[in-house]
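Lettered A, B, C and D in written order, each chain numbered from 1.
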Amino acid sequence: MIFASDNWSGAAPEIAAALANHTPGFRAAYGTSDLDASVEKQFCDFFEADVSVFMVATGTAANSLALAASCKPGAIAFCHSEAHMVEDECGAPEFLSSGGRLIRVSGELGKINRDSLLMEIAGYPSSFNHRGRSAMVSVTQITEVGASYSCEEISTIASIAHENDMQVHMDGARFANALANLGVSPAKMTWKSGVDLLSFGGTKNGCWCAETLIVFNKDLASELPFLRKRSGHLFSKNRFVSAQFEAYLSDNLWLELANHSNSMGQRLRDGVCDAGKARLAWETHANMTFIIAKRSVADSMMEQGARFYEIRTPRSFDGVLDDDEKIYRLVASFATTADDVDEFLELIQ
Amino acid sequence: MIFASDNWSGAAPEIAAALANHTPGFRAAYGTSDLDASVEKQFCDFFEADVSVFMVATGTAANSLALAASCKPGAIAFCHSEAHMVEDECGAPEFLSSGGRLIRVSGELGKINRDSLLMEIAGYPSSFNHRGRSAMVSVTQITEVGASYSCEEISTIASIAHENDMQVHMDGARFANALANLGVSPAKMTWKSGVDLLSFGGTKNGCWCAETLIVFNKDLASELPFLRKRSGHLFSKNRFVSAQFEAYLSDNLWLELANHSNSMGQRLRDGVCDAGKARLAWETHANMTFIIAKRSVADSMMEQGARFYEIRTPRSFDGVLDDDEKIYRLVASFATTADDVDEFLELIQ
Amino acid sequence: MIFASDNWSGAAPEIAAALANHTPGFRAAYGTSDLDASVEKQFCDFFEADVSVFMVATGTAANSLALAASCKPGAIAFCHSEAHMVEDECGAPEFLSSGGRLIRVSGELGKINRDSLLMEIAGYPSSFNHRGRSAMVSVTQITEVGASYSCEEISTIASIAHENDMQVHMDGARFANALANLGVSPAKMTWKSGVDLLSFGGTKNGCWCAETLIVFNKDLASELPFLRKRSGHLFSKNRFVSAQFEAYLSDNLWLELANHSNSMGQRLRDGVCDAGKARLAWETHANMTFIIAKRSVADSMMEQGARFYEIRTPRSFDGVLDDDEKIYRLVASFATTADDVDEFLELIQ
Amino acid sequence: MIFASDNWSGAAPEIAAALANHTPGFRAAYGTSDLDASVEKQFCDFFEADVSVFMVATGTAANSLALAASCKPGAIAFCHSEAHMVEDECGAPEFLSSGGRLIRVSGELGKINRDSLLMEIAGYPSSFNHRGRSAMVSVTQITEVGASYSCEEISTIASIAHENDMQVHMDGARFANALANLGVSPAKMTWKSGVDLLSFGGTKNGCWCAETLIVFNKDLASELPFLRKRSGHLFSKNRFVSAQFEAYLSDNLWLELANHSNSMGQRLRDGVCDAGKARLAWETHANMTFIIAKRSVADSMMEQGARFYEIRTPRSFDGVLDDDEKIYRLVASFATTADDVDEFLELIQ
């Protein structure tokens, strides 16, 4: 009954097999091997576009280097108030972009609200360099509170960004879950909707370390080889990250894994609706579920082996909490079983 | 006949098995799992000391964060003129230490010469902050040109460093090869000889991505959790790096692998001594061999499938090169076979 | 009728005389002259404490180096949502502190609200390094919207900061105006109220370039010589900054100048109260006045030679604006004359 | 008898008068006033070119921002081994350029040797991003040891730089002394010889704080408004720096002051040639003189009121020093009088 985070899961058997398969033999280092080239080609096919691929160690690195990519001193990036970049990355975006600044934008369900974005952007007129300059809008897909942007919503944000001479970044730590949920193509959810750079996360969905920055807008790719190396993120045996992606992108493994974790999320939500000791905090559609329960209930469940985290109440939450109630996050992963879910649900009946 | 670099090799079977073994199941993320704790314990046993362990993505990150660890603005680090830090890390030490400066010190065989070090240090009196301040001496063990510091040599450097209020860092990208060569304990070659921080590299010796910064001097460990996170180097599924080290540190696997690669290096050197078309550039003792050959000879060998790199002539080289001769580096690894070596040697007979 | 900013004014005659007085002669460079030492002594007397004095080029540099002083990677600084640091310094605090992050705290009249601060701090528990770590609270005295913190209010903020192991910084760009308004001693408004570092601004109050970082807590002073030099802020002829402060701190010149600008501010406010075409936006007490007027009125005044800026409506503003009304900022300075004010007031009658 | 440095001098009377002249009145802040615009025009006339002008607090800031201007992560800058950038700026170039690296190039008299430069550049092939990338060559004019590059020498260096896609920077802390010495136009010694950016120093030559980065190549100017602001180097009352330059550039004041200090330097050299207790270390042509003397002689002179510094023996020095001999630097300035010189010379007769 581990619902703490999808990064508590291990690796999918197919990913492990791919690593094992590429274990022997010699290959050129630093991402210059045939395998690396072939996986880059897979990414191009996946996205139906000539993309640039920069594998890095973590999603934090991918997000931060996305902001650094434009090499704009005084860069201002707009992201949702609850975005991972601004909540959980210990200053990495600011540091790796040499002083970029993150501006929080409000919106329901972790999604940047169009009007709030316009209002914040208005505070950074290009004529006034004291405030810095608008450089990037970052959307998180799946959001931190479990919602998906529709492609139309992404397009709306992207249009505003481009009209203001900004790049559009997507933090895709749960990219596959979003695709599985929306049922659209990777191309549709990214560059066709205006996304310029994507932090493509494989780790949470069954890889053990497979994060890469995908660049759709070639203008933004030129400095990244140096930015990556300068921050210590160029793996010598990059082939082993490529090996994971080789399997991940083949035979729709990414989709299969995401469909599973999303369906486990749905099973949780369905069960919670009928539960006596907890209720859904808000509607979500992919692998994350947020419930409201008394702390005593949660504590008791943890004592019985369930693992999950309490979260701070989002600013946009407009429900009502009793004094002793808290909001808890439950994350299903590719490794979650129906039995795990059912066992958990029994505890809250 | 791949002698390009030890990071062209894959992973040792035992490492692959350990990864496979830890593939399933759930574990706490970000280095907080039982496995991570147990591997940290292994490191303490390995070094016979209460060390702090900070796993990161690359040796460049480990080296750079070692310089950053002291949080001394205006830091000056002394390293050999041919050290990886100052030759091959694209400004990462400067960037990740927020403006540290590397000073090149000369010395034979890639080893910092005691007198040269004293002369350079004298240029940075503590009373004159315009020049920055002496913060670190970094020794590379095995050096970039294949030599080992003896423990006495390390102690000598370390004493000078400590007398000048500096920390001592060891770039141990080929740490196991050095231990195998010297036949001393890990404790002896590090903290007992005055080393404060160590970039402990497992990648070149049979892991696929296993680099960690080991801190012997606890005073230098306090900021590293933040420095690592701020540069995007805290793996979410850190367990999989730990899994590699679990195997690597067990049953002397590290030593077995290093002994093998060193012996392959020796086999190469023995063979080159008898060769007609090449000669040893200088004496080395571990897994790296440097030969002098005509470019036409080297080209011909590469055409026949051998892979190795020409290097720039080290400043301390005092031999003589004919006009068409160059120096080439040959690196054996855990995966090099005697057949690889013999096939290569045939080409230069 | 220049009310655009107090930094549009020139230099006070006494400041100019001091510069002229120290024009000839030779003196040791880089802040090591007798004059520099003597002015540091003046600062100690002024603050009734053994303070460290770091003169820099701008208030932005002073604010940013204050955050950098603690050398805490992943530093989180709390400041008011409208603070200069977070609104107008183009990423300098983030850059010069190597990735520090500013968190906006709400509160009326530009003052950090105690409860809001507690709520924000609660989001950064020391046990969770992903979010960074609480390092500094910065109060702006006079606030950006013209209000003063009382010493009690500063103490309250400072106590919270210290309880959470944070340093307290005061952005004193208008430090003298605040002292003049409150009628308290420099010591009382700073270290006696818990302030650890102060950006002491002389420029806006009659110097031409005289900004210095004053450190009350000696623990925070050790790195500043290097931090200042590393950012290019150590003047070679520092004596000329010292010369300005020599005059500024003598014979209560600072107070005289601030009293004048504050009284000109009061004259403006008194006049606006009786005005037909504008009204006070909120109550202020020092040299800044905020009025609400129709844009057509403001435009007409500017055509007649008045200079002042429209500001964005502060989030905490709870008044009502008609559709064509805007809020305008009027700043009096030591150089403002009663005639300037009266001429301006005539325009809005 | 102050020959410690030209930055120990005060301000020239004309500079002081200009400051006094602009003391009263209101002007737009942050470099946007009429005076600022008019001085920028003066610089264009001075250089016979449409230059961009970025005033900053110090030469260190100007040098460092010059390296930052190209916004090339992984930037490598080549400068002379004795250049101020690499010897005396406490990591500011590395820090303000976010990790740029300085490579020392040898050469006599502080001048970059063409062949040494070519050899060093060869170490940074554009195909190998691990080493960073060649970004800038910086020449110091007057060099740290008192010599001038001829315009032909500058052109030679600049051609090499441009052929390798690098920008050319001139550290002109003693720019006027060089012009006075060579007798060429500012245009000739800069952009006509291939210089792209110039740290134009007025401070050492009679201003009290007047340093500016002059950009000849407009491509390099686009990011500087943000780079300057982000490092806290945009003066609010920039008008007062402009005021100094207004006088400095008028009526050839810069040249008059430099001619004087150069002639005082010559008087020193002429005198030392006939001295009994010291001899010239090497030939110089502007305001700096280097002498060899016994330490006891130097100590005795200092006791009698002379002020000057011992320097470290330059690597390129090929003379012979007796055991108790040292090299001392003597710097004349605009404020040095013939009496100062003669009094000094008497001491060494």
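By definition in this document, a contact is a pair of C-beta atoms (placed from the backbone, for glycine too) under 8 Å apart; a residue touches a chain by one contact, two chains touch by 3 or more.
Nothing here was measured: the structure is a model prediction, and the numbers come from that model.
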Comparison of C-D and B-C by number of C-beta pairs in contact, larger one: C-D
Most distant chain from chain D, judged by the mean position of its C-alpha atoms: A
Chain B-chain D separation of Cα centroids, rounded to whole Å: 40
Computed distance of Cα centres, chain D from chain C, in Å: 34
Distance from chain C to chain B - Cα centre to Cα centre, in angstrom: 50
Residue list for chain C, restricted to those that touch at least two other chains: 73-74, 89-92, 95-96, 98-99, 129-130, 132, 226, 229-230
Complex contact set, residues of chain C against chain B: 30, 68, 71-74, 98-99, 129-130, 132-133, 223, 225-227, 229-230
Residue ranges of chain A in contact with chain C within the complex: 73-75, 86-92, 94-96, 98-102, 104, 123, 129-132, 312
Complex contact set, residues of chain B against chain A: 2, 4-5, 7-11, 13, 16, 19-20, 22-29, 56-62, 64-65, 89-92, 95-96, 203-204, 208-209, 226, 229-237, 239-240, 307, 335
